[in-house]
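Notes follow the structure.
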Amino acid sequence: MVELQKVVSFCDRRTRRKDIRDFPPAHNGLQIENNGVVTKIGAAVDAGERPFQIAAEKGIDFLIVHHGLYWVPPVPLTGPAYRKTRTAIEKNLAVYGSHLPLDCHPEIGNNALLAKALDLTRLETFLPYEGNNIGLVTNAPASRDELKYRLERLFPGGVVAMEEGSERPQKIAILTGSGSSAVEHLAEIGVDTLITGELKQHFFNIAQEEKLNLFACGHYRTETFGVRALAEETAKYFDLPCEFVATDCPL
Amino acid sequence: MVELQKVVSFCDRRTRRKDIRDFPPAHNGLQIENNGVVTKIGAAVDAGERPFQIAAEKGIDFLIVHHGLYWVPPVPLTGPAYRKTRTAIEKNLAVYGSHLPLDCHPEIGNNALLAKALDLTRLETFLPYEGNNIGLVTNAPASRDELKYRLERLFPGGVVAMEEGSERPQKIAILTGSGSSAVEHLAEIGVDTLITGELKQHFFNIAQEEKLNLFACGHYRTETFGVRALAEETAKYFDLPCEFVATDCPL
Amino acid sequence: MVELQKVVSFCDRRTRRKDIRDFPPAHNGLQIENNGVVTKIGAAVDAGERPFQIAAEKGIDFLIVHHGLYWVPPVPLTGPAYRKTRTAIEKNLAVYGSHLPLDCHPEIGNNALLAKALDLTRLETFLPYEGNNIGLVTNAPASRDELKYRLERLFPGGVVAMEEGSERPQKIAILTGSGSSAVEHLAEIGVDTLITGELKQHFFNIAQEEKLNLFACGHYRTETFGVRALAEETAKYFDLPCEFVATDCPL
Amino acid sequence: MVELQKVVSFCDRRTRRKDIRDFPPAHNGLQIENNGVVTKIGAAVDAGERPFQIAAEKGIDFLIVHHGLYWVPPVPLTGPAYRKTRTAIEKNLAVYGSHLPLDCHPEIGNNALLAKALDLTRLETFLPYEGNNIGLVTNAPASRDELKYRLERLFPGGVVAMEEGSERPQKIAILTGSGSSAVEHLAEIGVDTLITGELKQHFFNIAQEEKLNLFACGHYRTETFGVRALAEETAKYFDLPCEFVATDCPL
Amino acid sequence: MVELQKVVSFCDRRTRRKDIRDFPPAHNGLQIENNGVVTKIGAAVDAGERPFQIAAEKGIDFLIVHHGLYWVPPVPLTGPAYRKTRTAIEKNLAVYGSHLPLDCHPEIGNNALLAKALDLTRLETFLPYEGNNIGLVTNAPASRDELKYRLERLFPGGVVAMEEGSERPQKIAILTGSGSSAVEHLAEIGVDTLITGELKQHFFNIAQEEKLNLFACGHYRTETFGVRALAEETAKYFDLPCEFVATDCPL
Amino acid sequence: MVELQKVVSFCDRRTRRKDIRDFPPAHNGLQIENNGVVTKIGAAVDAGERPFQIAAEKGIDFLIVHHGLYWVPPVPLTGPAYRKTRTAIEKNLAVYGSHLPLDCHPEIGNNALLAKALDLTRLETFLPYEGNNIGLVTNAPASRDELKYRLERLFPGGVVAMEEGSERPQKIAILTGSGSSAVEHLAEIGVDTLITGELKQHFFNIAQEEKLNLFACGHYRTETFGVRALAEETAKYFDLPCEFVATDCPL
C-alpha cells in the first residue's frame, strides 16, 4: 500500500512531465484522484469505459493511460462520461495520463521501445514540438524487406506498407500513433522510411511523389509499449502488483 | 419517486432550454446524472462544493443551480473538482444548470421575480443576446428615493447606490448578476436607471458622465429567485419535497 | 473532339458545383486547363503524380479527380509539384476536381453509389455542411451480419468492423472517405450503424461507449464510385471514350 | 512654473514607464498635452469628467491618473467624451496616466503603499505579466483577526471578508484593484490569503473550495495610494503645489 | 444660425448614414461636437490639421470630411493629434465624417458625381460590401481614347493609364479612392475598364494578364465631389454660407 | 551551361535567403523549376505573364524576380495563371523570387543601390521585421532641393514630392517599394525625410502634421536595382549571358 501522491510524483519525474509540452487539450499527470492509496497498478492505451471496467475488475486502483480523459472532454457528466467517471470514483480508480512524454521518452517511450522491439538502434531525434523532439531516428536493418519482415512479425494484426522509397534505407524514422505530422519533415533529416501507427489517405500519393517507404502498423498497436513500461517500472519501484489492460482495438 | 428523465424534461421545457443560447462555456441542462430516480428537489445559486455537501445532507437528489459546473471546468478531477464530483456521485446527487434561461424567463426568471419583489410591472425587454433579450424594463415607482427604499428593504445586506440620474425615472432597467454589459445600452431604450447585481469600478464614472442611476445589490443576492422558483414549480408538479440551499455569499 | 469549356460546363451542372460549399481549401471545378479540346475522359480518386502519368499514357486529356490539387498547394513548383504540373501541361491534360459535390450527389455521389452497390435504399440525408447534407441514411438489411457480409464482398481488401451496436440495426448511415465528423451526429438521427472509409483511433472507444457499429472500409476504396460515374456520364453525353485510372492505394 | 516635458520625463523615469508592459488598451504616459507649462500637480484615480472638473477648479494643470482615458476610447468626441476633452483643453489640463507601473512599483506602487499602511513588510513578488510581477507578497501579522482589524481601520467604508483559509496565515498576497487574476496563482506561492480591491462572484466558492482568505476592500479605495505618492514626489521635486482629487466612488 | 443637431440629422438622413455599413474603424456621423450652433458649413477630403486650420480661418463651424478622424486614432492627444483636436475645440469647429455613404450615394456620391462630370450615365452598381454596392457601372463613350481624353481634361494633375483592355469598352466601372478591391470583380460584371483613384503596383501586371483598362486619377482628386455636394446641399437647405477647403494633395 | 541547382544555391547564399523572414505569403527561392540546366540569366521586377513571355523570347532560362508568383496564388491553373505557368514550363524558364532579401541587402539590395545611385552613404538601418532591419538610413546631401534634383534626374518618370519637413535634412531614410510602414518609425530614428516608391493617400496629411519630407518615386522604378544586380553577379560568377526584362509599369 503506497500513498497516491508518491506514485504520482514517481510517474511525473520518470516521464519528465513538466518538461514536455503536449498538444492541447491533452492534460498529462493525475486526471482522477482516488482515496489516496494505491495497491495495484495498471496500464491501458485509452481512458475508455471498457478499460476502466476491466481495470476495476482486476483490482487496479492506479491506471496509467496514454490517451487521457480530456481529448473528448467529459462535459456534461451524463451517459458514457457519467458511467466512466462513476466507475472510476466508485471503484476508487485513480487515472494518470501521459501522452507525448510517453511517446518521446528515450527509455520508456513508445518510439524507443518500438525501435528496441525491432532491434534498431537510436541515432538521433526529429520533429520538434514546443522544445522537444517527438520522433526518433534509428539505424536501418540490411534491407527494406528485412524491416518489413520484422514489422509483420511484431504486428501480426497487419501492416499497411507503402513501399515507394529506397530498397536499402540508411536510416529509419519512427513516430508511433498518428504519423501524418512527420512525413513532410523526413526530407530534412535525410530519411525516406517511416514506421508509424496511422496515416491519412493522401499520404499514399505523397509516398509515391516523394519516393518514401511508409509503414502504418496501427495507432493502438504502436502505443501499448510506453504505458506498459511505465506501469511496470512504477510497480517494481513500489513493490506493487501490475497488469496491462488490453483491448481489441483494430485501429 | 420520479424518473430523472421526466424531471429533466420538465425543467428543459419550463425554461425553454433549447431556445435560449447562453454565453460559452455555460452548459444548461443536466450536468451530472444520478441513479435515474429523484426523491427531493433543491436549488442553489452556485455549483460549489459546499452547496453540494449541504444538498446531500438534506437528502436532495436533484439540485438546480444557476452557475453550473463548467464556468471553471472540472479538469482534472483532483482537489476540489474531485471532491465536488465525488460528493455528487456518491450521494446520488443529480445537478441541473440553468443560467440565461433563468435570468430572462418572463415568469420564473431572476429579472422578472426581482421586479415582482419590488412591486414593479414589466413593460418590455432589452439587451439582445443571440436572439433573446436578457434584460427587463419595468415601470417606475413614484421616485428614485422610493425605489432605493424598496431595494434596501429587499436587500438588507447592502445596496451600492450611484445616484447620478433623474430623481423621478420613468422606467427601470433590471439585469440581475453582472450588469456591466447593460449600461451602454440604457440610452437606446430611454432609461437612466438600472438595478443589477455587480458592476466593475469604472461604471461609477460612467454613471456621473452619462447621468445614470446605478444600483448594485449583490450578484448572489439578485440571483436566488430563479432557481428557487423553478425548484418549487418542479417539486409541486411531481409532488416532491423541495428545499433551498443558501450560502452566505457576500459578493 | 469536344470543346473543353463544354465539358467543364456539363460537369459543373451535373455536380451542381456552385450550390455545394466545400471544405476549404478544396477548389472544385477546372483546376488545370489544357489546349481547349477534349478527346478522352478519365477518372481518378487523387490528383497525384502517378494518376497523371497513367492518364497521360492512356491518352486522357480530361481527368476528373475527387481529391484535387489544392489540399496540398502546389507551391512552389519544384520537385513533385513541378513534375505533376509539367506532366499535365506537356501532356495537355486538363484536370477537373469535384469533392463534396461527388460525395453527396443523390445519383452519382459516392454515398449513393455505395448504398446502391450494397443494395440499400436511400431514406434521408444527414450531417449538414454549409447548407447541404453530406451524409446518407438508408434502410438496413436483415441483420448486421448480412451487412458485414455484403461489405466484405464489395471490399475484398478488408473491412475494419467495430461491432458494438445493435445486431439488427433499423437504419444505416453512410459517409464515404473520412467518417470522423459523422459519428457524433448518429444519435440525433437515431442510427447506431455507420459505413465509412477511415476513422481515427479514438472512435473505437466511442463505439464501445456509445454502443455503435462502425465499419471502416478504406478511404480510397469508398470513393472510387463518384468520379467514375461522372466520367462515364460525361463521356456518354459527348460520345467520347472513357477510362478509370486505378491505383493500389491501401488507405 | 516648470516645462511640461520635464515633468513628464520625471514621471516616466520614476515609474519606469518604458519597462512595464500594460494590459491593452492602456496607454501610460502623457495622454493629453497642455500649453507646455505646469504650475500645479494633481492626482486622481480615474480620468473621469468630474475629476477633470474638480482638477480644473483647483487650478491643477498636470493631473496624474491611474485609470487613463483609453479604457473607454473617447471616440467620437461627442457627449461626455467631448465635454471631458474640452474641459482638459480649455482649462489647460495635461493628463498623465500610469496604471500597472503604479500598481507594482516597489516604493510608490499601490501594492507597496497598501502594505506599508497595514504595517506589512515586502517579502517577494508574484503574478508575472509580460516580464514584470504585478502582485506583492508580504509577511503576516500575528493572526487573520489582526489583519482584518487593520483592514477595517484602513478602509472604514467596508471590507468584504471571505475567511475560509488558515487563521494564522504565514504570508499575505496583495493585488490592488481587481484581484480575479491573482486567486488561481496563490497556491503556487504557498499563500492562502489575498488582499485586493474587487472580486467576481464565483471567487466566493473558490475561497470555500480552495480554503482561502479573500479580502475585497474596494477597487477605488485600494488604488488611491500610487497616484497620490507620484504626484507628491513630483511636486516636491519641482517645488510645485500638489492636491489629491477625491471622488466618493463606492466600488 | 442653426442648431448643430439639426444639421447633423439632415446629413445623416441625406447620406442614409445608418443604412450603410462602413469599413472598420471608420466612424461616420458627428466626430467632434461644438457649442451646439452652426453658422457656416465647409467640406474637406481629409480630417487633417491643415484642413482644420483653414476651416477655422474661414469661420467654418461645421466641417464635412470624407476621411474622418479615426482611421489613425487620435490616441494619445499629444503632438499633431492634440493640436488638431485643440484647433477644433478652441475654434468651435464641429467635424462630421461621411465615408462610404458619400462614395456610393446615387446622387451625391463620389462615384455618381465623377460619372456625371465625365458625362457618363449610370447603368447599375457592383462590389457589395455589407449589403450595399459601393461601385458604379456606367455606359461608355465612343472609345477608350475618348474616355481618356475626358479624364485628362477633368484631372489635369495627371492620369495613370494602363490600357491593356478593349479599345471600345461597352461599360465603365467607377470606384473612387482606392480601386484595388474592385479589379478582381470586373469580370463578373462583364466590364474591362475601371476608373479609380489609386492602385497598388501589382495591378499593372493584372491589367496585362486580364486585359483590362485601368485609369488611376488620384485618390484625393476623385473624392472631392461628395463632401462638396453634401456641404452645398446642407448649406442651401439651412440658408447658410458654404466653402470648400482644398489642399494640394498629390496622392 | 550550368546546373540549375548550383545557380539556385549561389542566389540563396548571396541573398542570405534562409536568414531573412519575409511577409507571408511571399516565398523566396526557386519558384518554378526547369529541366535542370541554366544557359542565360534574366531579371524582372514582377512574375507577370508579359515578363515571362519577354524572358522566353530572349532565351532566358533562369529569371530572377522581386515580386514572386505567390502574392496572388496561381490557383487554379486557368486563364492567366495557366498561361503564365505554361509559358514557364514549355519555354523551360526557371523562376527565382527574392523579395525582402533583395530590399535590405547591404550591397545588392534595392535600398542600398538606390542610395548609391543618389550618391548617398549608408549610416545605419531601421524598421525591424522578424529580426532584420528592412530600411536604410543614409547621410544627406547639402539640401532638400539638392536631394529632389537628384531624385528627378534618376527618376525622369516623375517624383511625387511632399515637402513639409526641414529644408536641410541631416539624414535620409530609404525604403523602396511601399513606404507606408516606414513613416511612423521615422521619428524614432530622428529622421524627417523618406525616399520610397509608393504611399497611401493619408500620408499626405501625416507629412503636414508631422512635418516630414516624403518622396514617392514609383514602386516599380525603385525596385529594379536589386534583381538586376543579383542577375548580373550570378551571370558573371557562372560566366553566362544576362539581360534585364523591363516593363513600362507606371505605378
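Every chain is named by a letter (A, B, C, D, E and F) in the order it is written, and numbering of its residues begins at 1.
By definition in this document, a residue touches a chain if its C-beta (ideal position, glycine included) is under 8 Å from a C-beta of that chain, and two chains touch if they have at least 3 such contacts.
Since we're looking at a predicted model, the values are computed, not measured.
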Equivalent of D-E within the choices A-B, E-F or A-C, defined by over half of its residue contact pairs recurring: A-B
Pair joined by the larger number of C-beta contacts - A-B, E-F: E-F
Centre-to-centre distance between chain D and chain B (centres being mean Cα positions), rounded to whole Å: 32
Centre distance in Å when chain B and chain C are each reduced to the mean of their C-alpha atoms: 50
Where chain C touches two or more other chains, by residue: 79
Ring walk, chain A to chain B and onward: A, B, D, E, F, C
Touch list for chain B against partner chain A, complex: 27, 29-33, 69-70, 73, 75-79, 82, 85-86, 88-90
Chain E contact footprint on chain F (complex, rising order): 46, 48-50, 67, 71-72, 79-80, 83-84, 158, 160-162, 177-178, 197-206, 208-210, 216, 219-220, 247, 249-251
